[in-house]
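Two complexes come next, and they have one chain in common, chain A, joined by chain B in the first and chain C in the second.
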Partner chain A sequence: MEGIPYTVSARRDTGLYNAKLGVWLFLASEVMLFGGLFSAYVFLRLGAPEGTWPLGKLDWVPGFINTGVLIFSSITVILAWTALKLREWKKFQMWMGITLVCAVGFMCIKAYEYNKKFNHYGLFIKETAIEKYAPELLAAHAHVVYHPNSRTYEITGHVKNGAVLQEITALNELIDQEPTAELREKYTQQLDGLKIKLAVDEPPNIPGHPHENPLEELQAQEKAEIERNVERYDIEEARGSVATGHDDHPVVAISQGDIWRSGYFFPSYNSFFAIYYTMTGLHALHVIGGSIVLGYFLFFGAKLYRQNPEHQANRVEVGGLFWHLVDLVWIFLFPILYLL
Partner chain B sequence: MEDPHASTSSPSTGTVGAGGHSAEHGHDDHGHDHSHSGNFWSTYVFSTDHKMIGMQYMFTSLIFLLVGFILILMMRYQLAYPGQPLTMERLSVNVSTSFANAGGYTWAWLNGRADAFEPEAFPETSTAPSAEDTAYKEQVRSLLDIALPSGWAASPGQLAQSAEATQARLQEMAASAGDDAVTQKVVADARGLIDNFAAQIAEPAAHLATLRAKLAETEAADASDATGNAELAGVITQVAEAQYEVNAITGYFSTHMGLLQFAPIPLTQQLFGYVQMPGGVMAPDFYNSLGAMHGTIMVFLAIVPLGFAAFGNYVMPLQIGAPDMCFPKLNMASYWIYLMGGIVGFMSFFVPGGAAKSGWTSYSPLASTADLPANFPVWLQWWPDALTGQSLWLIGLILLITSSLLGSVNFIATAIQLRCKGMTWMRLPFFCWCMFVTAFLLLLAFPPLEAAAIMQLMDRVAGTSFFLPTGLVVNGEPQTISGGGAPLLWQHLFWFLGHPEVYVLLLPAVGCVTEIIATNTRKPIWGYKSLVASVLVLGFLSFIVWAHHMYLTGMGTVVSTFFQATTIIISIPSVIIVTALLISLWGGSLRFNTPMLFATAFLPMFGIGGLTGIPLAFNATDLYLHDTYYVIAHFHYVVAPGIMFGLFGGVYHWYPKMFGRLMNEFWGKVHFWGSFVTINLVFMPMFLQGMSGMHRRWYDGGASWDLAKDVVYWNEVISISAFFLLLFQIPFILNVFLSLKWGPKTNNNPWHATTLEWSTPTPAGHGNFTEPPVVDKGPYEYSVPGMDEDFCPQNAVVAKAKGGQDLSPANV
Partner chain C sequence: MSSHAHEPMPAGAEPTDEVEIHESREEIIANRKKCMRVFYLLLVATVLTVAASWIPFNMTGHIIVALAIAAAKAVLVVLFFMHFLHERLTIYQFMALTMVFAAVLFVLTYMAWVDHPVLPFDVYGSPEAGP
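And then the complex of A and B:
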């Protein structure tokens, strides 16, 4: 019996060649894969206590540019396919080349965004210690978020004294290894005394989400106490003492002992960054995989094109369908991560 | 693997059942370019031929089936004889005691004195070690105290002192040993280790002392403005590293000194290590590993690959008249990725901490936090997170999902695109319908679990909290994780796969049973159209019943009402399928050969499994039964005597097509009757245990729980039956392998069946058919009135004979 039929030409009753059907099925499966992650996003976001889901943590400009880049590359991949259908190899090379440049550009912008987040720091101040820092933070117009589950106040910014982070890591490691109790105690005290200097972020300006500083609420609740200790909450005076740092953002110093948890904006920082890195990382893997396939068609497709141009066109069509899915996923990712 | 094609380079020319088509054919008159060079690797190993891949899947999954079964047998031993070491000697003593007790009880009961019967106790176990063992351990421990004094690390001088003292003590012991075998052995065992320790620790300890001095200096010089000092941080890091090295060496030696033992080491400890099988007695964690890995291996590595991948790959393209699968290379990739996934999963038994132990469902937060290297002994903390048991389980699962994705795309595309001329949808054999629906379930239900697996892997490796709630406490330690995750999310994503997975297991078996019943009753399947409709409805409904696995999570009444309703609705198509198959038996000329025995046994066994599921579909009764042995019995009745019997039948049924030889009937029947009796003895008592409230995850089998005291003795019956069930698989294993060479040779269509796979040469060559088949009738044209033979193959050209009437009827 002959080889496998319908590898290039369509079967009459289905109107499809094998690979086209195959890729649509694959796309269905991909939709379910990302569907699982999108539902996880919804689940986590709805489960977060009110007001604690981070908003405005991502700069929408590079994300918006990336959306444009991907949409544009979806158009060029169709043009590449059209060129093959018209048997214009040079034009195919041009359009497919542009598609690949777009893919590389997308990845570069993504890398720039990741890198920016990897240098952003945040810390959670214990509720019991917040009074110490309240005047300073109010004076600095810091963006403060209260987390009822862990009973902590979160502030974010850029670390001004990187050496202290090294020392914190080193001390933590030593305390874990230290066999004698007295030395453990000594190093723990040393650790708690260290201070992280943070050039704090200001509240993001998000339409429809006016920022409510939990410290002001705290202040109102304890008005009587404030009146007794005027100087402790004297914002004007505190403002004078706050130094400015990164981009003229005010700097506050927080003792390690008063911090529940801290870290750069890695996946482990909070649920938002966990889902952000997981989804965009998986999407980036798809971009890389798609570019490898499309690049193979561009750089190694000439021979097949000479032998069977329709087969080559079909391959590009199938690859293009996948590329559109990659684009489509991003079109959903962009608003839920950057805008909403 | 045995070479199935070797004996048939000139294939059989039998034309029975091939209708008007000639089966005369050589391997070289068809179109494929590869696999003809006779190259061993491309023909038998990295083959892209769907039949070879099907056989690879079959053998691999049968091996995994055996492995999964042996794991649960180890577990059953622990349940029947809790705390006893697992050695052949103890096994035989325990089993004979059980038999003596059973006989004694029966005798007493016959004499009306059952109440007064006192069972004979099992012999004392290793929990009371011998006097020599105790003495040996004590001496080793006293040496350990001298060699590794507390606080020693602070000063190298102290270290040298303790080394000297140890040597002195050793010499003293050697001198006073005399004929004392224990002391002699202690000296012999310990000397090497202690010398080795002294040699390895000297340099790191000296280095540590130097660094500590330097640290004191730097601290004094540091202005300590509490804002961090990079130089100081560097020194502290060095001290921590040096301290870590010293701790690791000490930890390693103290552990290994502790592991020294006097008694001979049982085989099970040698295989699985001291931590998992100390002295041959199963550790609780290892018990959990066995349960989790049994479920995982059976579901993902044994039954799905056997039913869907092996039979689907081998049979479906033949039945639809295709030359191969749509994407042969993807097909090969699917097999090799599956094998990789299986090996990754199985190897996790041999990493520190052992294999995954959070159940085959891997519920978080247990699964997200189990066996993290941070909780390992200090000398093992360097072990990467990604290589711990649960992480390997997840990586293996991701590989398996990728494999099943490639497979399911291939199956659907093949069924849609490569049906031969005249093979309309309603002429498809029912087996192909089952495969078609199964492939859709795999395609759409598996990816959400892949998403979940990626997230759990992120939880374990990247420290995220997808499934970890805020304020999580593990082993009494509050976790400094971000929290905010949802353990329920894992359950939803898991069971969104998990329930369709049940039908992925079931449908291939139903397909096999249908083919076998049609062939061996010599009459058309009853209600072909309702079967097709049922399987489609079943496939759809299986996506919206998943939360009935989660009633215990305390879901609200609205949600649980929805899932109770869908769960009851899904039983309708299932009952239609079983009923149609049952009615198919009515009035047939039944041939009870081995495949038919398995297929007919499938019906009542699956029926028991299905009907006992109804109480579990209702929230009210499920709350009581869910965590008991009742659930185990319920789903094992579906899977073991149900699905597995269907698949065994499939092996016996298609074996002659695969290898051109029949399997031995006598040993096949021994396999069937032995398995049938023992498997019911295994699972039927579990219903009793479960309804009495016996929890399904008790490590000691319920021995110490008051609730279970009236039913705990069934554990012995179950476990002994399970051992015999293993014995009855030996005829099958031998039958499969020995028949490759010594089975009686057969023609193309030994069963006189109608579907297309029986009109190919046997075994079919590359490209399957000698010429493209043309189909003009339904799949089950048996006993057509007026025909000479009692079967009419789908591609047979039926003469308009006997009164000029066209005898080929329309669809069944």
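And then the complex of A and C:
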């Protein structure tokens, strides 16, 4: 380590030790990286037709807990650094250990959230076919969103029969390959026999933003008759199939021929999920990277600490600066993805 | 951090002369106390963010309130956790430049957005579009 200058003392011209200057330059590049994605978010949202940007698609509770976890880990990394400055190695180990536990906790909550979304399904019903389903959907209090560009009605929920879904996916691929009129007709006939059963989501309860059901404009039928057609979601039957854990949600069955497109909440589902997975995925990579660096300081830092404790403290300081940036990015991600 | 020695460069000195960085124990402990207070503030601000999302504003109001709180939290983190408040001029210059470039990035995206024609059909192909 003798060969690297300015690890402890500062250069006179910058007034900084080299690693600090280096990490701030790196943070500047990170601001540009996330800045590009934040601007993408802003303009994807502005570009979405009015009323179609998904609201309330993410559960705020895990996001809220994760915000707390990251803020807490930010203070523990400062406590770890301060402990080194005060030459308290045991305390450094404790606080840095807690920081790493927070990082693992954050990733576990994130994985839980991703998994939940990967099991969620949505489909877009063609405008020409919506009248068939309107009574059922109204009775089920389904969350329905009209998409003017594609002239479709979107509903979301949990799929009840995964096997049917596989067949549908296979047929969809055929249509994608050869979109001729004959093939479309041929497969549409086949697909009509296949129905996707969806335990539908209800509209999210967002104060100041009441959900206007587009179906209510289409239909004004007697509710009593409608109620009869609705079957309840059977938890026992659903066990082992795709939809689990979403008990008591009414199920509606939509013929594949009436569906324009459908899919799980993967990045390809819509612009919101594309930017959600991109931003939180990149952020998660930063959490992993930061943990590796901080973990290295914790588990392999004892030797350097004995030789040059101030150098070790400076390393932890620059690692901590990166960790604070990770926290900073999440401070913005939480409201824009979970609450707005 | 606030006590970095930064004397004017003596005539004839190498520009890369080493300068000792010295912080007293008291300063380090005072800084730790300050960071703890900021930590509590950040927790309160996070609760406020969620609480504000239940107030029946319209969507514009929600966006303004949530982003204002997020910006306040970000300022706290940068100034105190990242001790930007007591940094060297070089870092201020770098970050000022970064902010300018980040703003340009937003403007560029905006320009691409207004330049993009509004298509009369969905880019995925509407159900009626046909082959």
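Basically, the second predicted complex is superposed on the first by the 287 of 340 C-alpha atoms of A that agree within 3 Å, B and C clash if a C-alpha of one lies under 4 Å from a C-alpha of the other, contacts with A are read in each partner's own complex, and residues count from 1 in each chain.
In the analysis below, contacts are C-beta pairs under 8 Å (C-beta built on N, C-alpha and C of every residue); 3 or more make two chains touch, one makes a residue touch a chain.
Bear in mind that the values here come from a model prediction, so they are computed numbers and not experimental data.
Residue contacts after overlaying the shared chain place A:K195 against chain B, while chain C stays out of touching range. Residue contacts after overlaying the shared chain place A:Y6 against chain B and chain C alike. Residue contacts after overlaying the shared chain place A:L21 against chain B and chain C alike.
When the two complexes are overlaid on their common chain A, residue A:A253 makes contact with chain B while staying clear of chain C. Contact with chain B, but none with chain C, is seen for A:L33 once the two complexes are overlaid on the shared chain. When the two structures are aligned on the shared chain, A:N115 is found in touch with neither chain B nor chain C. In the superposition on chain A, A:Q307 makes contact with neither chain B nor chain C.
When the two structures are aligned on the shared chain, A:S74 is found in touch with chain C, with no touch to chain B.
Contact with chain B, but none with chain C, is seen for A:Y269 once the two complexes are overlaid on the shared chain.
Common to the chain B-facing and chain C-facing surfaces of chain A are residues 5-6, 11, 14, 16, 21, 25, 28, 32, 35-36, 39-40, 43, 47, 147, 149-150, 179-180, 260-261. Contact residues on chain B toward chain A in their complex (touch as defined above): 30-33, 151, 153-154, 224, 226-230, 232-234, 236-237, 239-240, 243-244, 247, 322-324, 326-328, 330, 378, 405, 408-410, 412-413, 416-418, 443-452, 454-455, 458, 462-466, 470-471, 480-486, 488-489, 492-493, 496, 767-772. In the complex of the two chains, the chain C residues touching chain A come out as 4-6, 9, 13-21, 23, 25, 28-29, 31-32, 35-36, 39, 42-43, 46, 49-50, 53-59, 61-63, 66-67, 69-70, 73-74, 77-78, 81-82, 88-91, 94-95, 97-99, 101-102, 105-106, 109-110, 112-113, 116, 121-122, 124, 126-128, 130-131.
Interface residues of chain A, counted against chain C in their complex, comprise 5-6, 8-17, 20-21, 24-25, 28, 31-32, 35-36, 39-40, 42-43, 46-47, 60, 64, 67-68, 71-72, 74-75, 78-79, 82, 85-86, 126-128, 147, 149-152, 179-181, 184, 206-209, 260-261, 321, 324-325, 327-328, 331-332, 334-336, 339-340. Within the complex, the chain A residues that touch chain B are 1-6, 11, 14, 16, 18-19, 21-22, 25-26, 28-30, 32-37, 39-40, 43-44, 47-48, 52, 147, 149-150, 161-171, 173-174, 176-180, 193-195, 197, 253, 255, 260-261, 266-271, 274-275, 277-278, 282.
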